[in-house]
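What follows is a pair of complexes built around chain A, which joins chain B in one and chain C in the other.
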Partner chain A sequence: MTSRSNRLTSVLSDNRVGLLLLIIVLVVLIGSLKPMFFSPAFVIGPMLTSIAIFTVVGLAQMVVLSVGQMNLAVGGMAAIGAMGSAIVFQAFDVPLIVGIAVGLVVGGAVGALCGVLIAYAGVNSFVVTLAMSFALLGLVPAVYSWVSTGNAITVQTPGLAELGRSKLSDLCIGDTCGPDGVPLILFVAVAAMIVIGLLFSKARIGREILLTGSSDRAALLSAIPVPRRIITVHTLSGMLAALAGFMLGASTGSFTPGIGQEFMLQSFLGPILGGTLLAGGYVSVIGTFLGITITVVIRQGLLLFGVGIEGLNILLGTILLIALSADRIRSVAGARSRLRASRQQSPAKSKEEAVVS
Partner chain B sequence: MSARLARLARDQNTILAAVIVAGVIVLTISSSGGFLSPISIETFFQFLAIPIVIGLAQMAALAVNQMNLAVGAIGGFAACSAAVLIADFGVPPWLGGIIAILIGLAAGVLNGLIVVLTQINGFIVTLATMTILSGAQYAIVGTRTITSANWPEIAAIGTARPLGIPLIFWIAVGIAILLSVAYRQTLFARNMLASGGNPLAATLSGISNNRSLVTAHGLSGLLCGVAAFLVLASLPGANKSIGEDWLLSSFAAPIIGGVSLTGGTVAVLGTVLAATIVRLVDSARAQFQLEPSWVNFVIGAVVLGTVALDRVRTRRPATRQRSRRPPPDAPPTAAARAIDPGAPA
Partner chain C sequence: MTDTAYALEVRGITKTFPGVRALDEVNLRLKPGEVHALLGENGAGKSTLIKIITGIQPQDSGELIVNGEARSFRSAHEATRAGIGVVHQERNVITDFTVAENIVLGNTPVKGGRVQWREVREGAKRVLDLLDFPIDPATPTSLLSPAQTQLVEIARGLYTDSAVLLLDEPTASISETESKLLFDVVHRLSAQGRAILFVSHKLEEVFAHCDTVTVFRDGRSVAESEPLSNYSKDTIVDLLVGRTLAKLEVPDRSPSERGTPALELRDVSTFSGHRDVSFAVHPGQIVGIYGLVGAGRSELAKAILGLDRITEGEVLVNGSAAQIRSVGDALGRYGIGYVTEDRKAEGLFLDQTVARNLTVTVLKRLSNAFGFVRERAARATADEYIASLDVKVSNRDQLVGQLSGGNQQKVSLGKWLAANTDILIIDEPTVGIDVRTKGAFYQLIWALAEQGKAVLVISSDLAEMVTLVDRIVVMQDFEVTGSVLNSHEYDEMSKSVIRLIHEERIDVVEG
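Our next item is the complex of A and B:
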């Protein structure tokens, strides 16, 4: 009886359920006021593409938040990763998969450099990644203007346009075609979500990262190589950011230094709205996806109502502040319920804290 | 100990000054003397005033172990609001200038209050207010540029040249001197430094850390407001792009200038000297006609290098001490520090 009602309240208080309900309400509300919202080619398709790209950006931030740190260079890492892919496509005419791999390696290397500085030099993660973002802010446009005329690389590699811009309706098996308005690139994001989700829930390394995030001291005493795990999350973050940069480049067809400029705010909004704690130790992959979805839906809806980009910025900043205050309230409430749980001496409860969804 | 620290600080400034001298010599030789012409010197100082003030604005936040990502947004919003008030609502220009400064102060105090009330990391709070304010800046000014012909009284300050050097540079220097005296002499500034250096010790000495946070963010915002005033005085007009490129130089000046990133110290002279070096790099860029992005790369790389080296340098004595007598089960400090972002939030 008690466990049943507990489960019910925990489902209702789970903010992912709240987010999902909010998304449904918003979609119905906007759709009924502006039927244009359901246009597969003009609204749904581009919206799902944005959701796909920003979800990967959100995951890039989430993996670093899992140890209680931050990556302010997500945009820069996305830009340099995409640039790496574009240069090998242009110079060596490599197949699609090789280009993606080069981009991920470049992004991962930059992330690893940040991780090494943070873990071994002992510098605060904000400062390292902020300084890195400044260096990348200058390096990326400089390299672009050096290797290409006109500050952009247009890539013609076979398969890129299909990956970036085709929809399920272009894929037909016999006579049945997929629905219009679902872009193929969404599946790249889904794949990234599955990999990261499995990493945190099933793999030993993911559990070690989460334990590092909830208590570094406990992690050290449990023989977890904490500095190495910090480098791991930053490398992973760089790779995910590079993947997002590549996806953005693929969806527009041209790789420019502007890739990643809008990533920073979104990267924090998604995980925080989705319930990932800033303090570390808890992540939510589905929550990140839902958090990104709600911001993109709001953005798209307001654009349909003719609200300009300035209004969007004001609103997104306000949402971030409100979400953070909620995060604070949640962590205070969480600490209180943990206290109560520890008084009741239920050892099973404390294990659930690090649970991933 | 304090004598050694003082010598260290002097060393840092000596190095910075030497870099400036070397840079000036190189630029003078490579431009065959053109760099020292009166008009070139005038331009150099004209565009040095704002970087100095925004560097000091960031320094004020760093002193309490906070960051202010909103420097550019506060400055841009304040400048554009004042411009709109003067041009569209007939507010007298001098009043508009004061309003710009007050808007900066109000925005900074608001940042501080949000940080204190929500206990959220100042970085995230200012990320949010940066987004909001830059949106508001665009909302009020739109795509137009309001020319400085609307505020001739303030623009006159921008064109004044006492002793052949722009007045706005003297204003920036005056602010630096004021701050330097304040951080040495006044109680409120000493309290901020105490809170930034060790919040627990500050609390035990009866200092309110919350008040220090609000004061520091307020001071940071006030200086952004002053920078907005200097924008009105020196630039041909105000538009939505004011403040967009302030972030990097605001961090570069204090970090290269020797301000500790863990709070508790300020380096006013170092910040001014470092801002001068950044300006020299920019002059060199213009002289050799390189891509502007190379400047960002050089400055960013120097900041990254300074951050890494600084921490290694300050950590070494502590590590040596520990290796002599290792406590039984203490975690490696680098790892422990890396996990704890060290913010007082």
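Our next item is the complex of A and C:
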């Protein structure tokens, strides 16, 4: 094989390319059957808002998957973070940015607590975050009913509605306005993707996190501060979940205990469809975005065809199951193709690998 | 015509993997009652042949004749039933199971769908007694050291009571005394008329215990079932590497033991059971810790690194007391590096690239003020150690899991060379690697000492100790029983060391 065709196969076997092609095919297909699908105000706009929120939720899960753990409390952390923002907006009338910061701190603190329990008490992440999600399920509504009357807080802070509900078409420089259907909140998600992307691809801490995910024992014996990195990812996960909760609240204008209820399934779907390994050691930010996008496109498409929410959940659950099987198939196939590739590059050495295989 | 004089005969077996011929018409004849050595460097095809004989992989062509009958096994189970027992090189025990359960694994006695636990216990006890391995069969395997685990593996090979027993590097990670026990069993089994095929990198063992030899090089048999008495160690090494290898130049070393030691343990007792352990390593000196399995050697290294609690006594680095709580502390505050004995589980990130593995200990140094990794510097560091250690890779972004054992060991060591610590603890430096690479490792360790680094080597290979180190500290039962200056004379040293293991604490200081 020539190096060019090698490169081509490696691009095509990258599942992110497959996802992108699948998204294009789906959009064209649904759009040609239901032209309504391309309506900026009724479909594209809300869909991009959902993609923005769920991408941040997906990142919240992805950062924990990177060390081979999971966060079953993303929904609860989103709820309590959003609640923190809402309370300071309502009670102290703080500016927008301060409210967001408070929400992130609250979410991050809850995440850090989980991280400490996992890293130092040695309890499994599954157990800790499951317990945390139950605690939050009780705590959040209790606080809401204590601080507000209608079990929801409506926030009027200047800027919030603009951030949550305006589109690029509302922003004009002179006579040129942005395209209709692109919500401003999408850029919050893009900013989160850039930060997390830089963390994992360029920063030392990100490198240490991925090595911890690859083998925590080897990481510990290579002078990587493993407990600290486990706390780092859980804190980060809590902050990202809180950010997603805030985004959801901002997009509707009302902060309720129901925020985050449908986050958990989505949080796994995005990263796993996008190629992040459940076992840890490898993540993909773009993949998470594409994975979320495809689920949201399918959801919107089916809604247009009149499929109910129950049908949707069955479908999304099925997709998750298939994605998990694909995760396994991909890792086996990937190992095989890498082995083949390295054999071709160096026949002398490959005997050893053949023996291993 | 088939000849029934052989318990096992391999005739012209060829095995090709995509792009490479792993075995090229190899022959081997194994007689009942003989101990037959199968030698070859890493990648010469020994393990592939064993996998074919035991039904794990099929051959492309050629015949396998067992007791005069041409056979081809489709599964490991079929091979076991045909009387072929095997001890594999890789440790294959299930750590959630007990010792007994692991020993009977794959051959569990079942009657009417129910496991016969009494038979399991008694069968396991029988082979453990045979090995003189004093352990309760009900012990969970997770509590065993790597060497004890290896003994369980050997016990499993003996359990099936096979006419042909294949031993694939069974002594790679066990100590001299345990090896002796194993060879006692091997000789007993061969005296009963069983045929033993023994794969090893340790030529001393081979010459001490084997009758016949087959040598593989690059997938071909360059010596086929010949009497071992026709060869000397030198001629075997020539056959193995295919050219006359320059004999290992052992440098004349006599480093000073005066002045402040780089690393010193004073009456150290630990939570895991060490009592009053004291020794010192001076700058430029190589000290070896030798002891039997369960003597607490690797555990001591882990205690120095803060992975076990030191209950009494103190660790001194450059003369002042050190508080080491983690490997990060050891590296960052005291300049101590640790190369583990278990490179696959503890030393390497197998699914990460060679470059990432080599730079893991120096990420801080390779990062800028904002905490971003300086990629160019990281690549340069990786390339530097790939070149200086002669790691065979297609490029620095190859995954470490794809490398051969010797090259993996180089990466595992290389990441600590990159850290450039003044004190380096190396646990089993050459486990499972071939003659040529071993020599390169020794040269490297001597060079480190020449640079003034203090090196602590832990090994269960006495020949390695005698070649490599300046002073041998002997441990037994989590205590230091004495230490001797190394004279580099194998017979003399092995006598002193064995005496230290078996007698009560005496300080034998010579020279």
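In this text, the second predicted complex is superposed on the first by the 330 of 357 C-alpha atoms of A that agree within 3 Å, B and C clash if a C-alpha of one lies under 4 Å from a C-alpha of the other, contacts with A are read in each partner's own complex, and residues count from 1 in each chain.
Just so we're on the same page, contacts are C-beta pairs under 8 Å (C-beta built on N, C-alpha and C of every residue); 3 or more make two chains touch, one makes a residue touch a chain.
A quick note: this is a predicted structure, and the numbers were derived from the prediction, not measured.
In the superposition on chain A, A:S32 makes contact with neither chain B nor chain C.
Once the two complexes are overlaid on the shared chain, A:Q261 sits clear of chain B and of chain C alike.
Looking at the shared chain after the overlay, A:K202 reaches chain C, while chain B stays out of its contact range. Once the two complexes are laid over each other on the shared chain, residue contacts for A:L320 go to chain B alone; chain C is not touched. In the superposition on chain A, A:L211 makes contact with chain C only, while chain B stays out of contact range.
Using the contact criterion defined above for the overlaid structures, shared-chain residue A:Q156 touches neither chain B nor chain C, since it reaches no partner. Of the two partner chains placed around the shared chain by superposition, chain B and chain C are both touched by A:L220. Shared-chain residue A:L130: touches chain B; no touch with chain C.
In the superposed model, A:L278 lies in contact with chain B only, and not with chain C. Which of chain B and chain C touches more residues of chain A is settled by the count: it is B. Residues common to the contacts of chain A with chain B and with chain C across the two structures: 217, 220-221.
Note for the complex: chain A touches chain B at residues 67-70, 117-128, 130-142, 145, 212-213, 216-217, 220-221, 226-227, 230, 257, 264-265, 268, 278, 280, 308-318, 320-321, 324-325, 327-328. Only residues 67, 114, 118-121, 123-125, 127-132, 134-139, 248, 251-252, 255, 261-262, 291, 293-301, 303-304, 307-308, 311-312, 315, 329, 331-343 of chain B touch chain A when the two sit together in their complex. On chain A, the positions that touch chain C within their shared complex are 198, 202-205, 207-208, 210-211, 214-215, 217-225, 281-282, 338-340, 342-347, 349-355, 357.
Across the interface of their complex, chain A is touched by residues 17-20, 22, 42-45, 47-48, 51, 218-219, 305, 307, 326-328, 330-332, 338, 340, 345-352, 356, 360-361, 363-364, 366-367, 371-373, 375, 392, 394, 398-399, 402-405, 407, 415, 419 of chain C.
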